[in-house]
Every structure is written in structure tokens, then in C-alpha cells.
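The structure's right below; bear with me while I get my questions together.
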Amino acid sequence: MLIKDGIRMDGRKPDELRPIKIEAGVLYRADGSCYLEWGGNKIMAAVYGPREALPRHIQDPTKAIVNARYNMASFSVEERKRPGPDRRSTEISKVTSEALESVIFTELFPRTTIDVCIEVLDAEAGTRCAGITAAAVALADAGIPMRDLPVACAAGKIDGTIVLDLSSEEDKEGEADLPVAIAPRNEEILLLQMDGHLTYKEFEEALELAIKGCKEVVKLQRKALLNKYKTFEVE
Amino acid sequence: MLIKDGIRMDGRKPDELRPIKIEAGVLYRADGSCYLEWGGNKIMAAVYGPREALPRHIQDPTKAIVNARYNMASFSVEERKRPGPDRRSTEISKVTSEALESVIFTELFPRTTIDVCIEVLDAEAGTRCAGITAAAVALADAGIPMRDLPVACAAGKIDGTIVLDLSSEEDKEGEADLPVAIAPRNEEILLLQMDGHLTYKEFEEALELAIKGCKEVVKLQRKALLNKYKTFEVE
Amino acid sequence: MLIKDGIRMDGRKPDELRPIKIEAGVLYRADGSCYLEWGGNKIMAAVYGPREALPRHIQDPTKAIVNARYNMASFSVEERKRPGPDRRSTEISKVTSEALESVIFTELFPRTTIDVCIEVLDAEAGTRCAGITAAAVALADAGIPMRDLPVACAAGKIDGTIVLDLSSEEDKEGEADLPVAIAPRNEEILLLQMDGHLTYKEFEEALELAIKGCKEVVKLQRKALLNKYKTFEVE
Amino acid sequence: MDIPEVKRVSAVKRDHLARLAKEGKRPDGRGPDEYRPIKIERNVIKKAEGSARVKIGNTMVLAGIKLEVGEPYPDSPEEGAMSTSAELPPLASPEFEPGPPKPDAIELARVVDRGIRESKYIQLDKLCIEPGEKVWIVFIDLHILDYDGNLFDACSLAASAALQKAVIPNERYGFGDNEPLPVTSPPVSCTFVKYENFIVVDPNLDEEQIAQARFTVALDKNGDIRAMQKGLKGSFTIDEIKNNIKRAQIHAQKIRKLLEE
Amino acid sequence: MDIPEVKRVSAVKRDHLARLAKEGKRPDGRGPDEYRPIKIERNVIKKAEGSARVKIGNTMVLAGIKLEVGEPYPDSPEEGAMSTSAELPPLASPEFEPGPPKPDAIELARVVDRGIRESKYIQLDKLCIEPGEKVWIVFIDLHILDYDGNLFDACSLAASAALQKAVIPNERYGFGDNEPLPVTSPPVSCTFVKYENFIVVDPNLDEEQIAQARFTVALDKNGDIRAMQKGLKGSFTIDEIKNNIKRAQIHAQKIRKLLEE
Amino acid sequence: MDIPEVKRVSAVKRDHLARLAKEGKRPDGRGPDEYRPIKIERNVIKKAEGSARVKIGNTMVLAGIKLEVGEPYPDSPEEGAMSTSAELPPLASPEFEPGPPKPDAIELARVVDRGIRESKYIQLDKLCIEPGEKVWIVFIDLHILDYDGNLFDACSLAASAALQKAVIPNERYGFGDNEPLPVTSPPVSCTFVKYENFIVVDPNLDEEQIAQARFTVALDKNGDIRAMQKGLKGSFTIDEIKNNIKRAQIHAQKIRKLLEE
């Protein structure tokens, strides 16, 4: 029983996000960075680049390569995770790199890489969306030119109801999870994955809800970037 | 009891091969290819090259490098094999590379590699000989100039009798296995390995039988190459 | 009970070294080499270089890179050691490289590496000091210019007494181990590690004893190098 | 960090495909909703508990099933387990390199795995031997033999076909007679790519090389969605995604018939 | 052979620091015996059994503690075990590269480990569950977030702080209520570097990059020595080493107070 | 794909050796059927259960034997097991590189292993401790110290000599007194190379570097063949192979005497 009288176990309504806190420019060494808390998730993202791609034979003479590396700290999960990439994180790194590259003007920086490091420090469902959201802020903080600020959020199905932003328990016990990343301005889909069971109708509903979620989150991203700017002004 | 009244458990006479089926030019992407069935073995071989050897520091300015890679599919054996090379396949790759390089005019293609991929899809004793035999057809199909068409076949000893082309059970229960690859025109030995127990006399007999086997197999290789040529003419 | 009436379990006095035997120039292929027995330790050290550092991007245009590789043979310890570097040997390789580089005139050989191979063939406590001591002789044998001949020796604490050069049992049961490498001429500290429990006073005593030990060992190193020189003269 | 391989396609080829796309034409003459010929052969590997070789046009893949006895996961002590791997061996393409699976191969295996897992195709609850102690582990190994595009659908189809007639190797373990692997209804996967705003099903290699975005959906026998994956560096509009799914529902029905023959 | 990375510092910066050093000045204006501001936050990670984020100036590290049930070592059947790992992820510095731990990270983890182990900070003898069969294994994972020098002290401090308030996760294993991890008094680590014959505590990145020698000492609550490590390619005189230890004894007392707040 | 290392020998040296070969002469003055001096020292490593250092000319190798308790293979529940590894450490030659064993080292270890295994030198059936549960595993580790050619024979001889006087470490495991490892009669390996149609036994490094083909045969005490391996990129005629074996039978008898001293 994950939902009762329209209220989820953690007290949220079906279309309600978990609490989100975003801070831009939190690291000293990185060219851009972001610390994000989203429900029980704690994510640190850093961006380095554009910088010369090395070794040289990997350089693309027409554009920058976007390398996102999603990594879970060994203490971020219930059972300690062995350090280093596993198959899951390799796939997430790949789809995250692709989603972010969609919005970056990579052709401005031939022969370079833009490295995006996403460290999951504390994990509680929805880390890939949280990671992309944090990475987007870090990219903006690094001054990487983008045609839009990407943002991600998942919808899902629990007890037959389409809901926004699954919690850990909902993810485990629920019927479907649909993480989505978009370029919010014209609602282009940058990332979309799904596993579970959705009829076509349910999918339409879930996609709409996920996009609605994205549009709420993007406001928080913008606020975080603005806050950093303000801080600089005050200083 | 592996042999009774001069007849082996699978009905073969001591000097009889298992059934062999060879087809050349079966792959679309490869420069040359061969599909071979030999008893219960199913082998796919592909050749790529000569092509520039990379990274450059491995190039030999005087000749092509021949790289054979023998690999067993994880489902090709009774107990699932973990993917990737093990010590056995590393050794077979090495001796196969050396045997094939013996007949290739490598000095015609300095700074290149000729890559030979041998995939064992279904395995039943004698895969290294079957692999070399298939690789030879794939090399010819790729138009790689060779001074002869290499071919391989094993002889062995079971119940004290020298026999041709061991089956899986004979290999396990028998007393010796002698895989041999030759350049058939002048009977040069390109590969020879042996484990088990043979007197010098028995070795002479086994070697002679293995070479006899090779000479039967080479006819099938030639027929397969001819068939492909004919097919092209008809088309 | 590791010490009784001022005598240690193997009959040594607190400030006494285990028996040491050093031979220089024992290998044919290496540019310099040394075989050393120190208590139950048997060490072979070889030096190659200075030679061009490869791949090129690791070259330092201002000086030679000193690469020491400390390795334990799989049969050198009670329980067979899996071949290849582990975390312990990686750390020892690092501090050994740094200690040796301290005394080598690396700026004379830009863009090169000086490779120092230390193989522990039989191990009985104190292998890192024995390895550095052997490596120093091998470096001198290779004619690598050094501002001093480095040497290493450990002191430690057992049953509350500061002693020189711990044996295997003393290392296991004792209270502290302090391996030290020095440039003996002016007593510079090239390597210093410690684990256990020492008051500051005890540390002063132990360091003094370790340096005294080093100064005894350096005499044996010099003798070994002289012996080799003499041997050449005689030949 | 795994650097995604720079895909080099000649400018000439790219321009040619772009021109064709503007006229709604594909390089091999197919319509945008046309699959290449599909061929399924089952039980081609004697040593495997199940196997299938699938050709889609020139693309050829082999799926082999092996079962082993292993321990169940602690949180499902009465259920078997499944594991899907893909190898892109140098045999299948001049671009493939030997070595452990790269991100491409891992994504491929995981997408195929999700389709099978989420449609509950393998009845894992019937693969318990001894609760909490011993269960069957089903290994699905995808071996690419010839790569001319659309590995997602070829591998998914080969896995489904191989599992369909697979057996539990009771004899090898002394557990009695072999029996059929308990399966339900297979998922069917449909893949689209988009280039020059042209969206086509079942891309061949040329199309994949210039594609900006890829979309795969795995459907169950009711046409419901069990898994999806958007890939590559471009984007889709919401309507394109919805349209892809509707198109896939029609394709999947036809492909399902091939599986049921 | 692991080739120690060539550290490139501009000649200008090197000269600048050398000139300052001759006047006994440091690049950020500190005195030779002055730490940067230290900040400790505990229990920052919910999933970890213990955690602490430590900042020393701009350097920021996170230590996370996880406990697992495992087998004891044969020679100490009634004792728990501990294992310390450090990651230098590309997030924390443009010079860090992904991949398995390199010699730098291994040395760092091992030096932190020795300080904790030799001061018997974790009471391993109280971590036995079933003698010879089951004990608690304490995993200390050091995750660098921002690298501006002196990782040795930052990591040691973070590990000590994280262990201080860590719990034994009995509940997760059905062993009853969680309880505090039994610890004694933490070690405190002090690190010095020497450049241009100038020896300073708590080096920042600029100082580390031109340093000729490094010295770390871990002290217990009595100021006794529990672990030491000299690093880098230069040397110290005997008096310098002795002096470092005496200076460390003073610093350690102050840092210990932060830990006990 | 492991790229076989390009072996570079100067043209001058190659020509010199070719000229000598035409006159039936070898670079170090030996006849074609002459081994370099062989020296065997046993029990040189205290920590090993058996050991031997073998020199053939300037080539020096060390074999160390370790025994561990492990599980038997399912198909031979009452037999011990053996495992042979070879390391070509950078210590032994400027061409050797650190890292996991490359194809050269793997071939070397496997050929030595086959000689011992096929001649049933170790009586594995006497190494069962508890049927189906516990057996002795014999580890043969070959450590090259100085490489001047013919590692196959040097390693085979070192392994044979080390096993000859090895012990079962019962004491370490609390099984009672140590006892001799049960062995029968050792195999003896003989290696030939061919260059410029000149076939010589016991090649030194110069000869190996220009050799076109290599042949190793392991013979038992009756002169029967237990293992063979042809290597390198050239070929032998049938008569050359036969002749090599006959020559080896004579050499093996002499070498066997050294082992029995």
C-alpha cells in the first residue's frame, strides 16, 4: 500500500516533488560546480573544461567531447558499494553524457573535452535525474555555452496511480519508473528511460507529469545560479 | 573402451575424419570469412586487413603483423565460460598467429596488421585445428597472398591405437593428442603440439596420419573457396 | 618474551644486526645488480638505465625519472602470494623510488628513466630496508652518479627495549618498527616510516640506533662494490 | 572516463543520406516504416541450453542461453536470477576492438535485459531449487557476428527466440530429466533513429552512423510498454516519442508472429 | 611500473614562492606554524554508519564509514577488521584521473590507516560477533571533494571524526538495536613540507607542488608517536625530523580539541 | 589482441650469425648439439616448500614450490591439483615489462606444465586430504632472474629439480609432520631453434632473436614423448622434427643425470 486517500507514504501528493536544495559554485578547484540535495539524495557535480582532449587521438576536430562520469560513493548506499564503475553506472554515464551534449554548443570548442563529474554521496532513488540536474547547474556555473538549461525528473506508477518523483520505497515496490531529461524551453526530450509496465495512456500521463516536474525543478536551478551571482555582487 | 573391433565409439574407423562442412565468404562486414562445422564444432572466422597498424609504435616497417584471436563463446561449452581470454586461449592465439604468419607474404604489407578472428560458437574437441582451418579459408577469401593454404588436423592415441581427429570423449579418455598444422604443398610443419604419451615409433605413425588428415581437409577448403567463386559467377 | 637478560630470542644483543651478505654485479643482462642476504631475506636487485623514457609523454625534460619496483616472489612468504603488485608493494615502490631519487644526479639524464627492480625471493622482516640497500649497490654497479650511497636499516621496540633490525617474530610481537634510509655522509633522512607506539624519547633513541645500523651496513655495501672491482682486476 | 568513440563518416555519404532523407527516402530504398528481412533460426548451438541466430538484413547475432546453479539474491530467496551480456567482438566489424565490454555493449545488454525482465518473460519464481540456497541462474549471452545496424532489435529478438525453446539442464546436475525453461510471452523491441528530422525504423549501419537520436521500446503482447531507452546526442520532441511508440506497436505485432511460428 | 606523474609548476610561481620562503613567508600569508581554518561536520551522509566532512582551507574531504559482517583473519579469530580506501576522483582536481587507485591514493589511505590502527582507535576486539566465524569489518572510505593541499591531515581528521559517532548497524542485520561503534581516543595527524629549506605545516597546493620533502606524524592523546611517513624526493636532517615532531605535538593538541567539541 | 612484440636485432648481427651458420658455427663457439654449462642448486628459498635455481650459461631462473589446501576439481575428487605460472620480470631483461603475464610467459608456463603433468611427475592421486573436500594444490612459480635464451629448458629443469626435494607442509596446517612430496621420474625438456636452416640445441639470446622456428620436446625416463611445442613464425620439415626428437633423446639422458646427482 504505497498510496492511501491520494496521499503517499511520505505525505506527498501524487504530483508533488521531494524537497530540493541546490547550491552553485561550491568547489574551489572545479571550473563549475553544484551541490544538490533532492529527497535523501546528496550529489556533488563538477565541470572541468573545455580543455585539450588527451591523448590526442581521441580529439574530434569538429567539436568538444562531453564526458560525464556518474559515480556512487561506496558509502552512499545501504550495502557498501565496491569503488569503481559497474555496469549500471557505465550506462548512466553514457546516457547522461548524451543528454548533456544535446544542449552544449560543442562545435565552439573543437579538439577539447568537457568533463562532467557527478558524485552521488548519499543515495535515495532518482540519482540519475538528480545527477543531470546538478550537472546542468555546474555546466552553467562553468560558463559553458548551452542553448538551454537541461533538467531531469522522473515520473512513475505506484498502486496503479501515476505519480511524480518516486521515493526509494516507491521505486522498489512500484510498477514503473520513467526518468526524463528535457531542454525546458521547447520541451525536447534529451533522456528517456523506462522500466516497468505502462499502457500507452499511462505513459502519456506519466510523461506529462515528468515534464511538469522538470519545469518546477528548473526554477530551483535558475534560483541557485542567480544566488551565486548575487553573492558575488554583494562580495 | 574407446575402440572395439577397429571401430570407434562414434562408428568411425581409426583413420576417419568427423564430418566437415566449410563455407567461405559468409559475413558482410569482414574482408574475408569462413563458417566451418567439424564434428560438433562450429567456428566462425573473419579476416580484416591488411590495415594500418595502430597505435603506430607497434608497426613493423618491414612487414605485416599477423594477429590471430581465438575466442570461445561463453555458451560453446558444457559449463558456461566467462567471457574474455584465458591462459588457454592466449596460448592458442599465439601459436595460431605464428602458424598462419608462416605462409603469408607479410613483407608485402609493411606497417599493417592482418587481424584474424576465430570464434568458437560450439565446441567438441579439436577446436584449434578447426579454427586454423577456418582461418585459412577466411584469409584466402580476403585475398591475402599466401604461399600455400594452411590446414590443420590432429591425430592421437586411444586404447593403444593411433587414430585420426579425436572426438571429445577420445580426447578426455585417450592417451595422447597431436594437433598439427601444415602447408600441404611441401608438408612443412607450421604448428605442432602434443600432450600425452607416445613412443617415438607411435609419434611417427601419428604424425603421418595427421598429415594424411590435413590433406583430406585441404580438399574441402579448396572446394569451399571454389563454391564461393562459382556463386559469384552465377550471380 | 622477546628479550631476556639483554639477549634476543635469536641470540642477538639489542644493537646487533642479523648476518648480512652482499654481492655486486651478479646478473648478466642488467646494467647493474646486487644479490643480498640479510637474515632470512634474499633479495635480487637490478638497474636498467638511464634509458629513453617511453611512451614519450612521460618524459621529464629536466631530469631522469627513478622508477623502483619492489616485488615479492609468490614463494617468498609463508602463504603463497598472488603474483602482481598489491597495495603494500605499491606503497613500498613509491617510497623507495623517492628515497633513491634523493641521491641520484637525475638532472644529468633528462628524458630518461632509471629503472630499479627489487625482487624479494625469500622474506623474513625488513625487506624494504634490505631492498633499498641492495638497490643502492646495484645503482652504483650500474655507474649511476650519486652524491652518496644510500643505505637502510630499521630499529624498533620489543618488550619496552629499543633494538636494531627486527626479526620476523619481533616485528609481529613487538611494539614498534621504524625503517629508515639515509645518505650516510651527512645523515640525511631519505626514508622514514613508523608504525607502533613510541614516546618522543624512545623515538630519539630508536632513530639514533637505526642510523648506527645504517652506518654498519654501508661498510658491507662498499666492500661488496670493492670486491667486484677487485675481481675485475684479477681477471 | 570512457570516451565515446568518434564516429567518422565521410562528408559525401552524410550529404547523400541527408538529400535522400529530405525526399523521405532511405539509402537502401526502404520506406521509413519498413524492416529489413528478418530470419530466425533456433537451436543452432548444441552445447547451449537454448540458442538462436537472428538476421535482420546483413546484421547477424547469436544468442546463447546457459543455466547454472547458484545462490539466490537475499531479497528474493525463492527466485532464480538472470544475467545478460553482450560482446561486440572484432569479428563482427572493423570498428570493434577486443577487450572487456565498452559502454556501447553494456548499454545494449542492459536494454535487452530490461525488456525481458520487465515483461517477466522468464518465470524466475519457477527456478527455485532449494529456497534461500540454490536457484537456477539464466545467462543470456549475445554474440554479434555481423554488424550492419540495429543491434538492439536483433539481440532482443535472438534472446527471446533462444529462451523460447531453452531447457533446464537437470540431467547435467543429476536432478532428473531436462525440462523446458518456463517462459511466458516474449517482449518485442522496436528501434528508431532520427537523422535530418527523418525518423526510420530498423536503421542500417549507414543510418546509425549519421543518426542524431535513437529510441528503443520493448512491448508486451498487449502492446503495453515494458522498457524504453532514448540514446545518442540529439533529442526527440514529445510528439515524436509518442509517434514512435504507436509505430512500434504495429511493427511489434508482425515481429511477434515470426517468434510464434 | 607506476611512473610518478611529472608535476608541472610554472617557473614564475616557483621563483615567487622561493623568494617568499627566504623571508619566511608563505604564499597565502600564513606563518610557518599556522594551519588554515579547519571545519568539521559530522553525520552528513544518512546511508553511512558514520560520516564527516572536513575542510582545511579550500581542501574538502568526506569520510564515510560502512560496517559489514565478514570472516575474521585466521590469526585473530575474535577481532573485527578494518580497511581504509581513498579515492582521488576527477571531481576534486583537474589533475586527478578516473581509474583504480594510483600510488598517491594508496599511500594516502595506508598512512591514514596506520594512524588509526596503531593508536587502536577502533576497539576491534569488541567487534566479534561469533568467534572465528563472524566479525564486523569497518570500511573507512575517503572521498576527496576539493583538493587544495594537505590531504593527509584532512583525511585523517575526517576518518577520526566519522568513526567517533559511527554506529554498529545491528538493525540492518537483525542483531537488535544499533549501538555506538566502540572507539578510544583518536589519533591526530600533522603534516609538514619542506621547500627551499623552509618547513611549513599544513601545506596548500602551491606549496605541495614545489615541496621537496613531506613528513606526516600521527600522535595519540599523550603526544606519543603512532605512525610516521616521510615522502617525496628530498630529504630531512635528523634535527628537522625531531623538530617536526615537537611542532606537531603542539598542533595536535589544538586539533584534538576540535574533535572533542 | 596481444600484439607479438616486434623483435629488433641489428642487421649487422643478423648477417654475422647467418654467415657463421653457413659454416655450421654458433656465435659463442658451441657445436650445434652442445648445451651451455648447466648448474642446479636446490633448496635455495627457505619459505618455499621446494626450490631450485638453475643456470644454463648466463640464463638464470628460480623455481619455487608452494602447497596450499584447496578444493579438488569436481571430476577428480580424490586428486590434488597443480598450477604453473611464469613471470618475466623487468629485472631479467631490458625488454621485459611489468604487468600481468603476456602471451610469451603464458606459453612458457603452459609448456613446462604439460611436461610435468603428462609425465605424471607429481603423484596427484596421493595428494588427497579429504575426498571431494580438501586436496593439496601444488603451485609451481617460475621466476626468471637473467634472460640469455632458452627459458623453456631452464624453467622445466628448475621446476623438476624443485619438485624433486619438495615437502608437504603438514606442520603449517597442523596435519602432523612434513613429508616429502610424492614424485615419480621427472620429464626432461629439450629445445631447438632453427635459423638459416641451421638447427641448434639450447639457443642463446642472439640465436633466439633471429630464430625462425622453435621446437621443444619433453621426454620421460624411457625417452618417450610426453609433450611437444613448435613455436615462432617459421616451419620445420617432417624430417627436421623427427631428427630433433632423436637428438633430444640423447641430450635428455645427460640432463637427467644432473637431476639425479
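Labels for the chains are A, B, C, D, E and F, by order of writing; each one numbers its residues from 1.
In this section, a residue touches a chain if its C-beta (ideal position, glycine included) is under 8 Å from a C-beta of that chain, and two chains touch if they have at least 3 such contacts.
What you are looking at is a predicted structure, and each value in this text was computed from that prediction instead of being measured.
Student: Show me the overlap between the contact partners of subunit A and those of subunit C.
Tutor: E
Student: Looking at C-alpha means, what's the farthest chain from subunit C?
Tutor: D
Student: Could you find the chain whose CA centre sits the greatest distance from that of subunit F?
Tutor: Relative to subunit F, the chain whose C-alpha centre sits farthest away is A.
Student: How many angstrom between the C-alpha centroids of subunit F and subunit B?
Tutor: 26
Student: How big is the gap, in whole Å, between where the Cα atoms of subunit D centre and where those of subunit F centre?
Tutor: Once rounded, the distance between the two centres reads 48 Å.
Student: Let me have the rounded angstrom distance from the C-alpha centre of subunit C over to the C-alpha centre of subunit F, please.
Tutor: Computed value for the inter-centroid distance: 32 Å.
Student: Hey, how far is the Cα centre of subunit C from the one of subunit D, in Å?
Tutor: Result: the chain centres lie 57 Å from each other.
Student: List, in ascending order, every residue of subunit A touching at least 2 other chains.
Tutor: Residue numbers touching two or more other chains: 69, 115.
Student: In subunit E, which residues are in touch with two or more of the other chains?
Tutor: Expected reply: 1, 90, 98.
Student: Spell out the part of subunit E that touches subunit A in their complex, as residue ranges.
Tutor: 44-48, 51, 58, 60, 62, 64-66, 68, 85, 87, 89-94, 98, 100-101, 139, 141, 143, 145-148, 172
Student: Inside the complex, what are the residues of subunit C that reach subunit E?
Tutor: So the residues of subunit C touching subunit E come out as 53, 58, 60, 65, 67, 69, 87-88, 90-91, 93-95, 97-98, 101-102, 113, 115, 178, 183, 186-200, 203-204, 207, 211.
Student: Which residues, counting only subunit F, touch subunit B once they are in their complex?
Tutor: Within the complex, subunit F contacts subunit B at residues 1-4, 6, 103-104, 106-107, 109-110, 114, 117-118, 215, 220, 222-238, 240-242, 245-246, 249.
Student: Can you tell me which positions in subunit C touch subunit F when the two form their complex?
Tutor: 27-30, 40, 42, 44-46, 48, 51, 69, 71, 73-80, 83-85, 115, 117, 119, 121-124
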